[in-house]
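The letters A, B, C, D and E name the chains in turn, as written, and every chain counts its residues from 1.
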Amino acid sequence: RTQELVVGSQGDPSLDPHYMYIGTNVAFWRHIYGSLTMHDEEGRIGPSLAESYKLVDDHTWEFRLRDDVKFEDGSTLSAEDVVYSLNRVKSLPGNPSPYTVRLESITKFEAVGPSTVRITTDAPNPYVPDNLSQVAIVPQKATDGKSTGDFTSEAGIGEYGPYRVSSFSPGDRLVLERNEDYWGEKPHWKRVTFRIMPNDASRVAALLAKDVDLIDFVPPSDVKRLLETPDVAVHDGPSTRMIVLQLNFRDGKVGALTDASGRPLEQNPLKDLRVRQAISKAVDRKAIVERIMNGAADVATQVAMPGMEGYDSDLTMEAADPNGARVLLAEAGYPEGFGISIACSNNRYPNDARVCQAVGQMLARAGLQPKVETQPMSVLLKAMQGGDFGLAMLGMGAQGTRPQTLGHIVHSVDRDAGYGGYNFGGYVNPALDKNIADAVVTLDGDQRDQLMREAVKRTAEEVVVLPLYFQRVLTASRADLTYTTDPTEETLTWRAKPASK
Amino acid sequence: MVSYLLRRLPQAALTMLVMSVVVFVGVFAIGNPVDILISPQATATERDNAIRALGLDLPIWQQYWSFLVNLFQGDVGRSFVFNVSALHLIMERLPATLELALASTLLGLVIGMPFGLYAGLAPNSRVSTSIMAGSILGFSLPSFWVGIVMIMLFSVHLGWLPSGGRGDTVYWLGARWSFLTTDGLAHMAMPVLNLALFQISMVIRLTRAGVREVILSDYVKFARAKGLTETRIILVHVLKNILIPVITVVGLNLGTVIAFAVVTETIFSWPGMGKLIIDSINVLDRPVIVAYLMLMVLMFVVINLLVDLAYMVLDPRVRLESR
Amino acid sequence: MATSVHSPKPEIRKRGEQTPFRRFVSDFIVSRLAVLGLFVLGLVVLIAIFAPLLAPQNPYDLAQLDILDGMLQPGTVGGGGYPYWLGTDEQGRDMLSAIFFGLRISLFVGLGSAILAFVIGATLGLTAAYFGGKVDAAIMRWVDLQLSFPAILVALLILSLLGRGVLNVMLALVIVEWAYYARTARAAALVERGREYIEAAQCLALPTSRIVYRHLLPNCLPPLIVIGTMQVASAIALEATLSFLGLGVPVTEPSLGLLISNGYQFMLSGNYWVSFYPGVALLVTIVAINLVGDQLRDVLNPRLKT
Amino acid sequence: MSHVPMVEILNVSKRFGKAPTFGDRLARRFGGYRPQKTVHAIDGVDLGIAKGQILGLVGESGCGKSTLGRIVAGIIPPTEGVVRWHGDNANRPSQVEVRRAKPGIQMIFQDPMSSLNPRMRVAEIVGEAPLVHGLVPRRDINAYVDEQLVRAGLDPAYKKRYPHQFSGGQRQRISIARALAVQPEFLVCDESVAALDVSIQAQVINLFMKLRDELNLTYLFISHDLGVVEHLSDRVAIMYLGRIVEEAPTEEIFAMANHPYTQSLLAAVPRIENRKSSFAVVKGEIPSPFSPPTGCHFHPRCPHAFARCRSERPAIRQIAASHFSACHLNDGSA
Amino acid sequence: MTIEVRDLSTHFRLSAGTIKAVDGVSLSVRRGQILGLVGESGSGKTVTGFSIMRLVESPGFIAGGNILFQGTDLARISEEEMRRLRGNRIAMIFQDPMMTLNPVLRIDTQMVETIRAHEKTSREEALRRARDALGMVGIPSPEERLKAYPHQFSGGMRQRVAIAIAFLHKPDLIIADEPTTALDVTIQGQILAEVQKLTSKFGTSLIWISHDLSVVAALADEIAVMYAGRLVEQGKVGEVLDHPLHPYTKGLIDSVPNRNRRGAALNQIKGMTPSLADLPEGCSFRTRCPREAEICKQVPLTREWLHDHTARCHRPYHPTEDFT
């Protein structure tokens, strides 16, 4: 058992590394395949399968591959495999959530030598190495012609990463054996079993019952209990996922914004900056973090967190002030407040419904008449698309070091460029749009950070969204294990090690 | 029998068809699965590609039509989430659910019948009152709550039973089963009990009601007049008559147990159909939902049929008429 | 010779028949347990009705809640200056008040959906049995369809089409539950309709609706009452399960089930009271309903009367 | 009697058994079909009952008496044939309409327990229909019910009770009271006195006769008790396995029974005058109606059966003035 | 004397009060004799039968009296001893042949279990005896019929199975509770003939409960008449039927249809059967009796008015009194 690790895992893996881009899937394929680049424990991007990479010109990146990456059949990783893999990402059939979003602006990739790959983008793209850390490279020989289903039924194809699949029963468990031919540092665990346990309480119970050694996605409410349990250790670290409240900016009557008697207001009050400021003032983020999240979150002062592009340490979040909020509301012409619905998911983020209620409380105290509506994500999304909300909760991660809120919520909807995908409130600010669009094509780091900072600041001044808090990654294990969490929320078992005594 | 089958089949087929229409329209009304699954930074093209890849770009009636066409070629569609045949996906998890449902039904009978018999034979005794009051617990507490309490008690505090999952399985008849290994049985214990609680109370109540009716009948009195021992009267004359309604209800309930194993499977991380369907509903994985529901209808029809057969075996009066 | 039937002897009359209600009451109070159940149920109903007067806090008014008072142990005095006898949940909701109000919703949802489902299910079941043939086949296939349709999907559909709300949850429960009544009613009615009293009623040219409701229905009642009392309980429990799956009543107006499923997540963290007390309240209510229901069934069944 | 028949049954047949369903038809096409069992409960029966007359219908158990009674009472429709009512050529559907207004034909059922709704009190059982049909105003219903109960020989003090609290005889009287309460002109009495004790039976029979005299009621009196039928009826019809085998005025049947079945029936009737006698036994069980014997249904048990009886159904024919019989033996003399 | 019942009382305790369904009944049957027990519905015939079998169920109970069966008092022995007698030395045939056989058990099961409940025999032996018993009561091809279920039998055949079961152990006493009431005359004839044959063959005593005087007349040696829980008259069949002492008995006989002129109103007993809970004091027949007098307000005692002919009446018809 000393060489074996059993993980209680929230996610249910897809063994085809190019199918269904969700965070938990990335963690699984990282165990059995690899990517050109890889982030370290702090989230900094560095080489992985690519020994090195460089910018050839504004539009061209060149990746040099390692020569010691051995496949099952004895052959080694070649540029052809990389090209094949990236092509496979683009052409995989029937994929509702393709990894192509990570190939943004890439127009061409070619093998320019046996171990050199050249990648061309249509605009300067500083994020290419970052993006490619999320794309799996698979051996062409082994996987060519295999369908997604084959990966499951054959329990893994052509694995060459730190582990190989030993057995897989969907919905139940994934058993991995250490790959003794792995090119990189060999992980400690000979055998890793992922037990699939989507229910939070079940994972915690399994750890307490010593059925598993490590669990991911610990519910914040159980952290206190786990900390008090002697033979359990909790490992936490920052996450790039921020919980924000999106505001509805749509013109005219909005069903979710009503007067005292429930009739939609003629004018959308949220278009008034003072109203938005009032709402932001009303929300006591500290209380939410402490009370609802049990301290397992960090108050967000802006849409970026320290270490991210655009983070401005001068920006602070003022303390909650319900009376100040009332004053602002009165100034804006709503001394009696107004009815506002807060739409939240109840099955997506930890404590999402509870946070929503707490926000409701706070708005009520500031004189508004909030209506808290919590729904499963599937239903919520439809409501949001229909603009049927006053405030709506969303969780936004980062793409590497780039805060996603800017591109997805703050930027106006531009489907063709992949902007504003979650901008359901219909916020439009051409200046901000330009600010954001300029930033992402700036190759120079400092300059880009400067532009991003401007965007972040404007977003805060305009109160385009209400940043609430950054989640923390919570993992718990037997007390005799150490574990370093990953800001991307990936559960990487080699980060778990027996504690040295 | 043949004619009975032939009579039921078209009805079943029609029901399945209606079901598929309802699900198609229903899921369509709830939302678009791509919006739930796809990453927000997907461009419009990517989104459109995904939608087209899943065939969701067509008008609903066309989607339904192609579903029907495929259905007649034996293809119920591929899961949006897993990109494998929905039927395959379900079949893979069917045994887990089946073994849970059957075991809990069995447990319901094994525990429920003796208690019910006792409660029916001595309706006014203190023990019977306790049995009846206790049986109320079986369906009054939400099963997720009972489940977590059981886990806390038996796994966390006492450490007797594993907290979840299926444990070791054995390959048999083309599927993996837990009940053939001791480890598997240990894993089954709690989910089965959790699921059986409702059944136990139901069987207790049914049995008691049956006993109280049968015990007053002339043939029981006649059996007494023949000088039979009370044991034989109860075990043969009374029990056999009670078995008829009990088997009917329990059998019909089996379908419900299977259909509603969702919660138990979630709590105990049991990789059955219930967990699959709830996940599929959450992400609107329509092919899986449709296939699952059609399978459920089919299963209900089959169970009805089996119940009818059991009825015929148990009740000779029915046997004659249907021949 | 004319038949000489004597007029009734006055002494037979004067011994005094009990009124039906008195007889019902005297039959009912035979079981002390049932009387206790009735008492408790009465209490619960009173609490539910007068919850706004009894509860120290209005747990549905967000402005009265304060998360700074969240997760307080039972007995702690909070910001409002009054003690939280049963503690608070993470929103700072007084559990005692929440239980009082939750009882209201749960009883309303449970009883309401059970009654509605009863009316619909029994009517369809009796219709199927009484008319037989194609009507029967159509209704029963519909029942099959309904029974194989998971409650969760029904709830999800209604949630997405009609939005969230107590009435919509009730609607979902009715849609889920009517089939049980229909199946039971039909099975019972098939037996009963073969009896000659139905033919007698037809021969008396009584209207069909009267035959179905006054003759057939009462005789199919015992199994329906059994199902009914169980369904009230399981409706309340199912509502809790829907809440557990995030499909129940609105979070800001928790029912007992929602309170339990909310507290469920604190079970492991030691804050037992958030789930425990609502659980006890639910249990007591359902046990009381069933004790009363069981006795009611026995009293209403003249065949079991001695 | 030469009245216009009040009720006339013309060539009525009743078959039980399900009509083939779609599945059956499909199955038949694939050769998987079993022939559906049908019961010829009634097989080509003609009868007429004049106003004020009592027709006794006698036969063994399962021969179709109740079924015939139900057809006459309009509870079930005949498979073939017509039931004429007051000489109208009205068939059932419109008959139902007629009965809506006033349930003129009433039936008193064979099984006194099963024919009473176990969940209704006697007062309701008797009083319901008169109220529904508006025969009695609501305020008078109590007295009316009492009157009916007394007329049927029941103590009105019982009316708050449920049927199961009565003995068999009392239950039968409740159903008589129920039938009479809607003031019918025609009564189908299906073994109405079979379950009664002799003393009560006498009362009920007297009651029936009194009602005929007073209300000019007409009866189809179904019984297997020849003694009662002899006493009460004007005419007697003897039924065997769905067919009428003999029909004649009462005196004639008892004096000169023609059909061998009637003869053996008469021989089997126990009489109070015969003490410690041995019993005349008709051999054989009653054949199953699912597979009735060919030809004359009675031939397997008939002491006089000959070849023709096995193959040919004897037609019912007149053998004397208003005496009809269906037996091949009569052909020689005719 | 096979059975001698002395002063038997069986009461039902109901919420409305206690009902004396059987009130001081004394009767006796000699070996091989047939006693006809007649009386109207609800007079307590069945309860008397069940009391002898000790099968009265709650809320009923035997309130007093002795039931001497071959010298043993059945009212005093243990339940297990009683069980061993039931179906073995004392058998009973119930009224409704449709309800007495368990619908879900085959005939052979129901017969074999009766044999094996009282005797240690092999199954084969028991089956053989069951088959013989079926043959004895005139069921054709008993071998195959054994495998049938009750519903596959006609009523007459079912009643014959019940009779065969009763005779399986050649009991000393059979109580037959209106076993032919539900049957047709021709079948009734067959069954009566069968029973007559068997009782005389085995020397079985028989209590034949009926309300049909004609049947009892043809079958029984002695007759006992019950009214409202009490035995009102007892004697030889001929004696009682030709010279009834009790006005109730006479009323019964007179109301038999074929003793009356056809079409004329039948002689009938006036009034109606009183509820057992509301019996008149003294003689319970008093209010319906044509011979009622002041003395009838006292409870009459059973008295032997003629040789072997008793009646419970203050003012019986004297046998010399003429009546038509």
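To be clear about the criterion, contacts are C-beta pairs under 8 Å (C-beta built on N, C-alpha and C of every residue); 3 or more make two chains touch, one makes a residue touch a chain.
Quick caveat: nothing in here was measured; it's all calculated off a predicted structure.
Taken together, chain B and chain D share the touching chains C, E. Two chain pairs, A-C and B-C, are compared here, and B-C has more C-beta pairs in contact (counted per touch definition above).
One inter-chain figure worth recording: chain A and chain E are separated by 90 Å, centre to centre, where each centre is the mean of the chain's CA atoms. For the pair chain A and chain B, the distance between C-alpha centroids works out to 37 Å. Note on chain placement: the centre of chain D and the centre of chain E lie 30 Å apart, centres being C-alpha means. Between the Cα centres of chain C and chain D there is a gap of 48 Å. Multi-chain contact residues, meaning those touching two or more other chains, occur in chain A at positions 201, 205, 208, 347, 376, 378-379, 382. Of all residues in chain C, those that touch two or more other chains are 1, 3, 5, 9, 12, 156, 160, 245, 264, 267-268.
Shown for chain D are the residues that touch two or more other chains, namely 153, 155, 157, 203, 206, 210.
Taken together, the chain C residues at the contact with chain D in this complex read 1-3, 5, 7-9, 12-13, 17, 20, 195-197, 199-207, 210, 214-215, 218-219, 221, 302-303, 305. Partner chain B is touched in their complex by these residues of chain E: 53, 55, 57, 83-88, 91-92, 94, 96, 99-106, 109, 113-114, 117-118, 149, 151-152, 162, 165.
Across the interface of their complex, chain A is touched by residues 61-63, 65-68, 70-71, 90-92, 156, 159-160, 163-164, 245-247, 250-252, 264-270 of chain C. Within the complex, the chain E residues that touch chain D are 39-42, 140, 154-157, 181, 183-190, 192-193, 196, 211-215, 217-221, 237-238, 241, 251-253, 255-260, 262-263, 265-269, 272-275, 278.
Chain B makes touch with chain A in their complex at residues 30-47, 49-50, 53-54, 78, 80-85, 88-89, 92-93, 96, 148, 151-152, 155-156, 159, 162-166, 169, 176, 266-269, 271-272, 275-276, 279, 281-284.
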